[in-house]
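Take a look at the structures below.
Okay, so subunit A shows up in both of these, paired with subunit B first and subunit C after.
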Partner chain A sequence: MRRQARRAGCSGLWAARALVALQAVCVLAPLAIIVVWAFTASWPWPHLLPESLTARGIEELFGPSQKLGEVLGSSVAIALACAFFTTTVATMAGRALSRYRFCGREVFRFAVLLPFLIPATVFAMGVQVAFIRAGLAGTVVGVVLAHSIVALPYAALIMTDAMEAAGNRLEEQARLCGAGPVRTWSGIIIPTLLPSLLSAASMSYILSFSQYFLTLLVGSGKVKTLALVMFPYLSSGDRTIASAYGVVFLAATLVVFFLFELLLHKRMAREIDYFNG
Partner chain B sequence: MVVHSLKARRMGRAAAPYLLLAPAAVLVGVFLFGVANGVAQGFGIMPFLGMYEPTLGYWVQVLTRPDLAASVQFSLYIAFVSSAIALVGGVLLSAALCAVRQTRMLSLVNVQIPLMCAHILVVLFMVSLFAGSGLVTRLLFHLGLVSSPSGFPSIVGDPSGWGILATYVWKEVPFVAFCTVTLMSHVSDRYGEAAATMGASPVRVFFTVTLPLCRGALVKAFLVVFAFAFGAYEVPFLLGPTLPKALPVLAYLEFQNPDILNRCVAMALNGIMAVVTSAAAAAYFAVLRKEGRRK
Partner chain C sequence: MKQNNGQPQPGQTTGLMSRRRFVGLAGTAAATLMFGGAFVGCAGSGNGGSPASDASGDDAAAIANSVDFSDWNAVLEAAKGQTVSWYGWGGDEARNTWINTVLADALKQKYDITLDLVGMDINDILTQLSGEMQAGVEEGSIDFIWINGENFYSCKENGYLWGPFTSYLPNFNDYIDGNSPEVLYDFGSPTEGFECPYGKAQMQMWYNSDVVTTPPTTVEEFAAFCQQHPGQVTYPEPGDFTGTAFISCLIAGVVGKGEFEKLSAMEEPTEEAVLAVVEPGLEYLKSLKPYLWKEGTTFPADSSTLSTMYADGELILNMGYGAPQDLVNNGQLPETTRSFIFDSGTVGNSNFMAIAANAPHKAAALVAINEVVSPEMQLSIYENLGNISVLDMAKLPQEQRAQFENVPLGAAQIPLDELLDHRIAEASGPVIPILEKLWLERVAQA
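Up next, the complex of A and B:
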């Protein structure tokens, strides 16, 4: 009986390994294909490998006809602004939801998640006139505001969970030792929450960077982001150009993610040194 | 004096959570204002045009149009099928990730990279894989299963919407795993071990201990994926068939009509989306309440 169970566990482990490997292939294969396509000059059917390679796609994107540099700059700036703003708002909300008991707490906890459940398409079409009248339509501020609304549920979930898990022991010890609120925040609360702050920020960055429909409606076509200029190329047309856009898009997301990771690791390494030294 | 400052302090403490929540409340307020504005326009209320009289005319017009049933059906089908596959796949992936030794690299490749890729980027992935000139059709040709680039049901515009489903599944299986993996590894460490020591087989532990304890998180993840797949515009616009159109695609088409009164039609269509997703939101709230009571 036991042995049978162990054997079942063992084959289960192999099944688990196979599944994880399969998922890795499913994720990495398309990434690899668009990188290859972005540098392909010709790839006749049904060959499995491209015939000749070129840098035409990437060159054309950044050349005078597409001027992608500017668009890329504004996309990154909008996404960074959204990440900073959303994380700040979510941290405050998370603090309230994790540390205080108050009337309407459950309703608030649910309300911040609403943009998760009611589609952004309904919001975008409904709010368009109001944004035009408020002078927010077609402005970067309006786009950052709209993106932050969509990113809020993710960031609020991450921050509330993190603060509930962290508890208040360290914080109270600091207060007992005489630290004021500013020192408690800068010396204890923010450092212990740093990993979650960075993951909330990178999530918000990614969400803002990926928005198409919301940016189109709120930005009125005047605020151009990478998602917006890339969209028409996606389903048809020049595969090399579409993939070149895809590679730039992917790179812009991954670079920021790894920068955040690097920041975190450096910080963690320093802390370990401190405790060991 | 001391009493006074104590009182002020207590009042400060009572006000603190509301002050901390104020910015988030403003964002949610803008969101709800936008949604409510849209729903009101569906009833013909457009203050900026001096229209204040509510009417059911646009809803009647929308509900009686011949293409509506097919559109609603198509959107519900896409949402149900993609969220059901995402749920099953996500549970399997999450269980597999708990079973193997987790490394940063594994979670990065298996979960985080898909979370980072925008839906429009995933559309590009799927087209590169499955379109006539895609790698999968080439592979199938070499296996002798397909004889020409068009020998495979087209990923763009096929009435089964399989391209849309593939995109959502690629993106949402890791999302469901992301929502459950921490809880699942915690549950199987604590209670799964106990059940296993008492002689339960791994499969039995999974179905009688791990899954029931993760149910809340799974239902929440399912509802989020469902609502998203039901209401998102980009993927069905790029990959969907000309007829039936997904509901958000149909609504935006009506919205773009140069006649501004036609917006009321678009907003009535949005109203249908709001009703369906509000039902998902209500279910989500019920799960939250249940979890809150247990705590």
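Up next, the complex of A and C:
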């Protein structure tokens, strides 16, 4: 019996490994092709390898006409600001929805999902008009706010579920032991929720980083992000330059994710203690 | 799962209560933010509040209103130090580089004007412009736009453009033939001085001379060519402007240039009137279908898809407004690339620059546009981008004309006079959708 179970476990492990490997290939192979295309001038059928290489993509990225550093800096800054703002609001909203009963709670719960339900283009055009009237169009603050509206439903859903899963046991214990509100937040609530907070923040970061149409309209084309500069090349079918931008795009996202992961792992030990206790 | 039911529990302090209220408030604020966004998204006109005074507004509007635009020196003076934003299609690396280096440097050095090129799709530009105009913004973000055709027509009809302004431009007055139909009309709609020509474009086809020995230069040869290379020739689905232009060339080849150009004069065309002109051409297109890519059951959605398929060797013929010399120069296409046009001619049009009605820097926009149509810049455009100049060569001094004539022609390029001798006027703006509909009914679905 036991041997059989072990064998089953063994083949299960191999199946799992094979699936992971398959998934890795499915994700990594297209990425590898993007990296190759960033240096490729022409790659006609039936050549297995690129026919000729070029530094055109790199020259375009670092050339004088494109201020890559500036664009990348503003993209990352906007995405980080959006991630911070969205996560803060989503945490509050999540706490309100999971802990308190108040009049119209279900309406609010539905309201959280509302930006999901409206087509992005329609939404963007309405936001543009409203932001123009409010004097927010063409400003970085306006773009961050607009991105936050889009990212909020995702972050709020994550935070509501996390709050409900975490419960308030530990928090009550801390209060009973005499911890003040600030200490309860900094010592119990935030560390408990850290993985979810980072998930919500990275989700918001990604959403903000990849917004094209909304950034274009709310930013009036003046707030230049990486997605904005990259898109014309994607739509005109210039694969070399589009891929070169794609690589930068990927790298910028991965670096931030790596930092988030690093932050999470530092806290991991404490988390495990909590969930085991 | 434990939940606080809102009843005071032992151990809860007033501090907790107030914090809960705070959290509740924040939740409400978050929901309001989302609700607000959503409602505005639906209605397209929210509560809005007071009309915004643009925070970034400098004194440009005040200056702009007091400038006498007919006095060019006053315009130059007002433009000094301004940052002018040029919105236009941004998918051409060579053009972006030219604008950001050659043109921007010249404007900076000569007139102390900073040029900010905003590359985006014309539809997005129009969305932004109409959004600003509908919100009543007096100082918008767009100064001037690269535009033509029905986009120009709809902008002008809606009052989104400022003008007429071309008479203010010294270079327009000196070097451009203001009475030429290509300047007076843009896809059949009168320009009336609301846009200044930027470049001329003409449909050309290209191929790899290692793969194709003799290009088909008549519609009969083209049909035979498709039969010899089944599945290796197609065109973008009309609706994409390259696709529409290419079927226009073929139709013109069948019905004749004179007959086809009747379409460019139609201002309020009926389907019958258009069909009367193009019917033999549609029959011809239908007869090509079995030999096209995927036997004509489907067509690539746009010209960039077609270009990708051509670059990958899936197709042996590609087409566009202008020769692909820059693609050959940067190694995307082989050195053996050659262009050709039909003996019966190919359609051409002009593209233009127009100033937004709420442009905050009209003086600088005028100076920038004037610079684009200067002989030096037009020559530079022709040299670097292979674009046909909008200047009237007869109005240029002898030496400048010679400079244009001495620009070395790339192997993939067709001599200018040969192009202009085989130029067919494009169908007017209102005819285009009818032509596309007829193609769909009588060619694609037949």
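The rule is short, and it goes like this: the second predicted complex is superposed on the first by the 230 of 277 C-alpha atoms of A that agree within 3 Å, B and C clash if a C-alpha of one lies under 4 Å from a C-alpha of the other, contacts with A are read in each partner's own complex, and residues count from 1 in each chain.
Basically, a residue touches a chain if its C-beta (ideal position, glycine included) is under 8 Å from a C-beta of that chain, and two chains touch if they have at least 3 such contacts.
All values derive from a computational prediction rather than experimental measurement.
Novice: Does the subunit A-based superposition show subunit B and subunit C clashing or fitting?
Specialist: Superposition check on subunit A flags a clash between subunit B and subunit C.
Novice: Going by the contact rule set out at the top, does A:G12 touch subunit B (first), subunit C (second), both, or neither?
Specialist: In the superposed model, A:G12 contacts subunit B only, not subunit C.
Novice: Look at A:S186 in the shared chain and tell me whether it touches subunit B only, subunit C only, both, or neither; answer first, second, both or neither.
Specialist: Neither: A:S186 stays clear of subunit B and subunit C.
Novice: Please work out whether A:S243 is in contact with subunit B alone, subunit C alone, both, or neither, and reply first, second, both or neither.
Specialist: first
Novice: Considering only touches as defined above, state whether A:K222 meets subunit B (first), subunit C (second), both or neither.
Specialist: Only subunit C is touched by A:K222; subunit B is not.
Novice: Scan A:E172 for contacts with subunit B and subunit C and give back first, second, both or neither.
Specialist: second
Novice: In the overlaid three-chain picture, which partner chain does A:S210 touch, first (subunit B) or second (subunit C), both, or neither?
Specialist: Touch status of A:S210: first partner only.
Novice: Based on the superposed arrangement, let me know which partner A:L31 touches: subunit B (first), subunit C (second), both, or neither?
Specialist: first
Novice: Per the contact definition in the header, classify A:E60: touching subunit B only (first), subunit C only (second), both, or neither.
Specialist: In the superposed model, A:E60 contacts subunit C only, not subunit B.
Novice: On the A-aligned overlay, A:P115 touches which partner chain: subunit B = first, subunit C = second, or both, or neither?
Specialist: In the superposition, A:P115 contacts both subunit B and subunit C.
Novice: If the shared chain A is used to align the two complexes, which stretch of subunit B, 23-31, 59-67, 113-121 or 203-211, clashes with subunit C?
Specialist: So the stretch of subunit B colliding with subunit C after superposition is 23-31.
Novice: Report, in rising order, the residues of subunit A that make contact with subunit B in one complex and with subunit C in the other.
Specialist: Subunit A residues touching both partners: 43, 45-46, 89-90, 92-93, 95-97, 99-100, 102, 108, 111-112, 114-115, 118, 122-127, 129-130, 133, 148-149, 152, 156, 213, 231, 235-236, 239.
Novice: Could you pull out which subunit C residues touch subunit A in their complex?
Specialist: Within the complex, subunit C contacts subunit A at residues 1-6, 11-12, 15-16, 19-20, 23-24, 26-31, 33-38, 40-46, 48-56, 85, 87, 89-93, 96-97, 99-101, 116, 118-121, 124-125, 127-128, 131-132, 134-135, 137, 140-142, 304-305, 307-308, 311-314, 330-334.
Novice: List the residues on subunit A that touch subunit C in their complex, please.
Specialist: Of all residues in subunit A, those touching subunit C are 41-46, 52, 54, 56, 60, 63-66, 89-90, 92-93, 95-102, 107-108, 111-112, 114-115, 118, 122-130, 132-135, 137-139, 148-149, 152-153, 156, 164, 167-169, 172, 175-176, 180-181, 213, 216-217, 220-222, 228-229, 231-233, 235-241.
Novice: Considering only the defined contacts, which subunit B positions touch subunit A in the complex?
Specialist: These residues of subunit B touch subunit A: 13-14, 16-18, 20-21, 23-25, 27-28, 30-39, 41, 46, 48, 92-93, 95-97, 99-100, 106, 109-110, 112-129, 132-133, 135, 137-139, 141-142, 149, 156, 170, 173-174, 196, 199, 201-203, 223-224, 227-228, 230-234, 238-239, 248, 251-252, 255, 263, 266-267, 270, 273-274, 277-278, 280-281, 284-285, 288-289, 292.
Novice: Within their complex, state which residues of subunit A touch subunit B.
Specialist: 1-2, 5, 8-9, 12-13, 15-17, 19-20, 23-24, 26-31, 33-34, 37, 43, 45-48, 88-90, 92-93, 95-97, 99-100, 102, 105-106, 108-127, 129-130, 133, 145, 148-149, 152, 156, 203, 206, 209-210, 212-213, 227, 230-231, 234-236, 239, 242-243, 246, 249-250, 253-254, 257
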